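Chain lettering (A, B, C and D) follows the sequence in which the chains are written, and residue indices restart at 1 in each chain.
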Amino acid sequence: MSSLWQGEVVANTAVGPDIYHLRLRTALPGPRPGQFVHLRCGSSWDPLLRRPLSIHDYNPARQELELLYQVVGRGTAWLAGRRPGDFLDGLGPLGRGFTLPPGPRVALVAGGLGIAPLFFLARVAAAGGYQVTLYVGARSRDGLLRLETLQGLAVEVQRATDDGSAGFAGPVTSLLARHLEYKQYDGIFACGPRAMLAEVAKLAGQRGIPAEVSLEERMACGLGACRGCVVALYGEDGSIAYENVCSAGPVFPAEKIVW
Amino acid sequence: MSSLWQGEVVANTAVGPDIYHLRLRTALPGPRPGQFVHLRCGSSWDPLLRRPLSIHDYNPARQELELLYQVVGRGTAWLAGRRPGDFLDGLGPLGRGFTLPPGPRVALVAGGLGIAPLFFLARVAAAGGYQVTLYVGARSRDGLLRLETLQGLAVEVQRATDDGSAGFAGPVTSLLARHLEYKQYDGIFACGPRAMLAEVAKLAGQRGIPAEVSLEERMACGLGACRGCVVALYGEDGSIAYENVCSAGPVFPAEKIVW
Amino acid sequence: MVKPRMEVELAGLRLQNPVMPASGTFGFGEEYEGYLDLNSLGAIVTKSVTLEPTPGNPPPRVAETPAGLLNSIGLQNPGLEVFLREKMPFLRQLRPPVIVNIAGRTLEEYVELARRLDGVDGVAALEVNISCPNVKEGGLAFGSSPEQAARLIRAVRRVTTLPIIAKLSPNVTDVVAVAKGVEAAGADAVSLINTLQGMAVDLERRRPVLGNISGGLSGPAVKPVALYCVWRVAREVMIPVIGMGGIMTATDALEFLLAGARAVAVGTANLVNPRAMAEIIAGLEAYLLQHNIEDVNQIIGALEV
Amino acid sequence: MVKPRMEVELAGLRLQNPVMPASGTFGFGEEYEGYLDLNSLGAIVTKSVTLEPTPGNPPPRVAETPAGLLNSIGLQNPGLEVFLREKMPFLRQLRPPVIVNIAGRTLEEYVELARRLDGVDGVAALEVNISCPNVKEGGLAFGSSPEQAARLIRAVRRVTTLPIIAKLSPNVTDVVAVAKGVEAAGADAVSLINTLQGMAVDLERRRPVLGNISGGLSGPAVKPVALYCVWRVAREVMIPVIGMGGIMTATDALEFLLAGARAVAVGTANLVNPRAMAEIIAGLEAYLLQHNIEDVNQIIGALEV
């Protein structure tokens, strides 16, 4: 089962400052929230490597993959130039996704573009009967992305912005911390900047709530072969070893991570 | 006077097998037939170098540059993908063009894509009152390009195809040789494969007709600075030295070339 | 026309075609199983195996450069014992010969590795990595001087009957001298090039991109350097050369064969396109067919100068 | 905020900014006059000048490679006499210091060149090219060993009072040793890197693309190699380093300055974009302004490791 494909661009539209929502027609074998695809972003050898992007959603009936990405460099800039009808060379779904807990109450914590995989998780969890609270943080209101699309789903959305332009004024982790004083969760799932993830891990750890976080690291193969994308993790015996983000992750139990 | 510009693609259409006619909106300072432009063919460092393309025509009123090119590699393939509204990074006009003779009768000899600069020369010469005979050779009839556009101009067109599918059956130089037995010319101008140019040089030399040929060599700067694009030429004193095709040429008197 | 002959002989091994992975870019094979038929390869080359488990260098370990890849993996691998126990059983049931790449910190470690791999079922040859730029001890230290390289290969030669492929570095003044040194010391083949030493800077953070500061450069960017090394060495030694460095397509592979490589290894290309080797093998075959060449050996070293 | 200070001092020269052309990619300056203000450059560096006129190598002389350029110009230049007569008059009326790059086939030729350039009006410094891979005699032969390089620089040192910049090759096992050698021999600065040796093959013709078979690789492809050489050398010698190799943009230039280069030279970029240096100078200034850095010297060597 090879997961190399050519996907046709259906739409590629700006949805925020330098942020694009890409829809691709391609048949993926059962992608799970937290997994990613690895895309060629150019037709020459510069840039050379694929770019990892989280699966933002997948619709098997329409065979439509959705991605949400920010233009931060050459690869994503090239991607933003693709138009409907163009084809993209993709690999995936890759990696291990999130694992929903036995208990029904889950908190999803997204910082900035961290919403990309958590949107998919929110939809799948809600469809699976979970009680989903989605905490979304951004610098300001126009960084709160794609939330309108969640309307109609059984997902409670809690907003936080650094500048207070929408929802809670402050980091999303402060909002989460306040809620954790009186709300119970059976699992916490987070994606966003590393400092935010560390804070979520701390909050969850203090309360004994199982937490999973999605990490980013520079990747080459995306398949577990090159060992280019490692992070330091605690093993069973407390020893530290480097594990591949691409194949052992990108989602890891928060307590395994050497912050 | 810098001749670096951004030209907007007006049209980029296939006119033959893998052959494209490109129209660019850009203001060029007085381009002359035989000169070329040097185009970036990509937006990354691969491919790295500009590509030299002859000026196929220029309309100062519309500020429209025309190019005629064949897709032979990565740069020209990229070029073929440009659409109206795209901008191209160009340099030029560069090099020295053709010099029309004092006498009125001129023969232009084009092999394949050699028509690219000679079309411009034919138009300018005809407009300048010259009696122009344009010899065009190609493998077969669909390689005879852009001739319809010359209708209405005082240009006599003589066709030759290797497979005999149009005009004279055989190399264009054989057709020229036959005509030279009874026709008089005051100058011959040629562009095409090197072997063809050498043959034209021989024919012209035998009859003492001044001839100019346009050469191709791999280029980097296109400005005469790097000395990357040289050909061996005879100097005044018969000695041989390497001269830049980009700045001393691409058009050279046929008798100066070390074939 | 009949199918062209693709077999080449290399250091006593019969390869069904001249295409194999470059060490370290193909893991221990398993990772690519879903993407290509491992049994279609000319040989399998493992990631470098060390005597003890090697943790590798701190991340980030990869950085993209113009048409190139810098890596500073640092030979992360589970060590010889785990390799033999957990990786060899999978590898030995494959059809292509398995070439085990070994790396030591000291001469003694190389010798010990070679000794313990000698006679292991399914191991067809050793590739001796004396050219890794990403480790503090061993590696490049042995590959930088013809004398050191020869001394090491001679020591390894004494303890194994397996064919020895010495993997050479381009980070030297005279790669031909190193190649001649290992040839005289008993190497059965040389493979080149390993990566070029390089560095990338993160302007925003004012730090090196790689956790290990510097790394090894591979990919299309290095192809001209690799081709030149292969061409020079192939003319000067009698033993066969395995060429590598920036081979992404069948055209690239053909260029190395013309320059004198008896076989080619594909590295960075696997990381960009997991089907790269399958496409290269198919492309080679198509080229031979198209040009009426009956045997791939006819183009090896056929560059006209 | 006030305009940042861009001046750097280098081997006794005061440069109004740290950006200059790399030898051989800027002719003798005139060719670029229409594209940028020559008086805005930090310095002018000439194409290598030899004692006698040098015809150069047979074409083709350039080949494009992934993100790189191979050249085998072979130092074509009109020789010292014509240079002095026809090129210096133009160069000496420019404001930036003129650095004349010299290349010889023998030690004696280098010495003779240096002797005859000493005291020539308008010549501010000599760059001694001991690293050209494209000539049969001289060039790389001197740059490949610390001893040879030192011997040559010592000999040149004796006959000139001009600042000496030794131009080093990356095609060596230990570039730091060569740098230390020329420092001890009296060089006032080193510049690096010259091109990497490489080759390109034309599969269709089954021949090398270049008329001279091999050539020197430059451009973005070599940037990681160049940055690493510069970083290593800058930490190990006291004399300033002029960094070059693949600098296409202000970001690239800043990376070299961070890595320890006192100034940078721009080569292949000029061939792709004749305004490259003007854009790099403007980009440097903009970066300093944006980051509230008053003096470009504050970022030189400021890489944190």
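Basically, a contact is a pair of C-beta atoms (placed from the backbone, for glycine too) under 8 Å apart; a residue touches a chain by one contact, two chains touch by 3 or more.
Because the structure is a prediction, the values reported are computed rather than measured.
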Number of steps on the shortest touching-chain route linking chain C and chain D: 1
Interface with more contacting C-beta pairs, comparing A-C to B-C: A-C
Geometric centre distance via CA averages, chain D-chain B, whole Å: 36
Distance from chain C to chain B - Cα centre to Cα centre, in angstrom: 47
Interchain centroid distance [CA atoms averaged], chain A/chain B, Å: 55
Contacts with 2+ other chains: residues of chain D: 66-68, 219-221
Shared-contact residues (touching 2 or more other chains) in chain B: 44-47
Touch-based graph of the chains, sorted into line, ring, star, complete or other: complete
Chain B - residues contacting chain D, complex: 1-4, 40, 44-50, 91, 217-221, 223-232, 241-242, 247
Residues of chain D touching chain A in the complex: 66-67, 220
Residue ranges of chain C in contact with chain A within the complex: 24-27, 31-32, 34-35, 47, 55-56, 58-64, 66-69, 71, 73, 76, 219-221, 248, 268, 270-275
Footprint of chain C on chain D - complex, ascending: 65-68, 70, 144-145, 171-174, 196-201, 203, 206-208, 213-215, 217, 219-225, 227-228, 231, 246, 251, 254-255, 258-259, 302-305
Interfacial residue positions of chain A with respect to chain B in the complex: 42-47, 74, 78
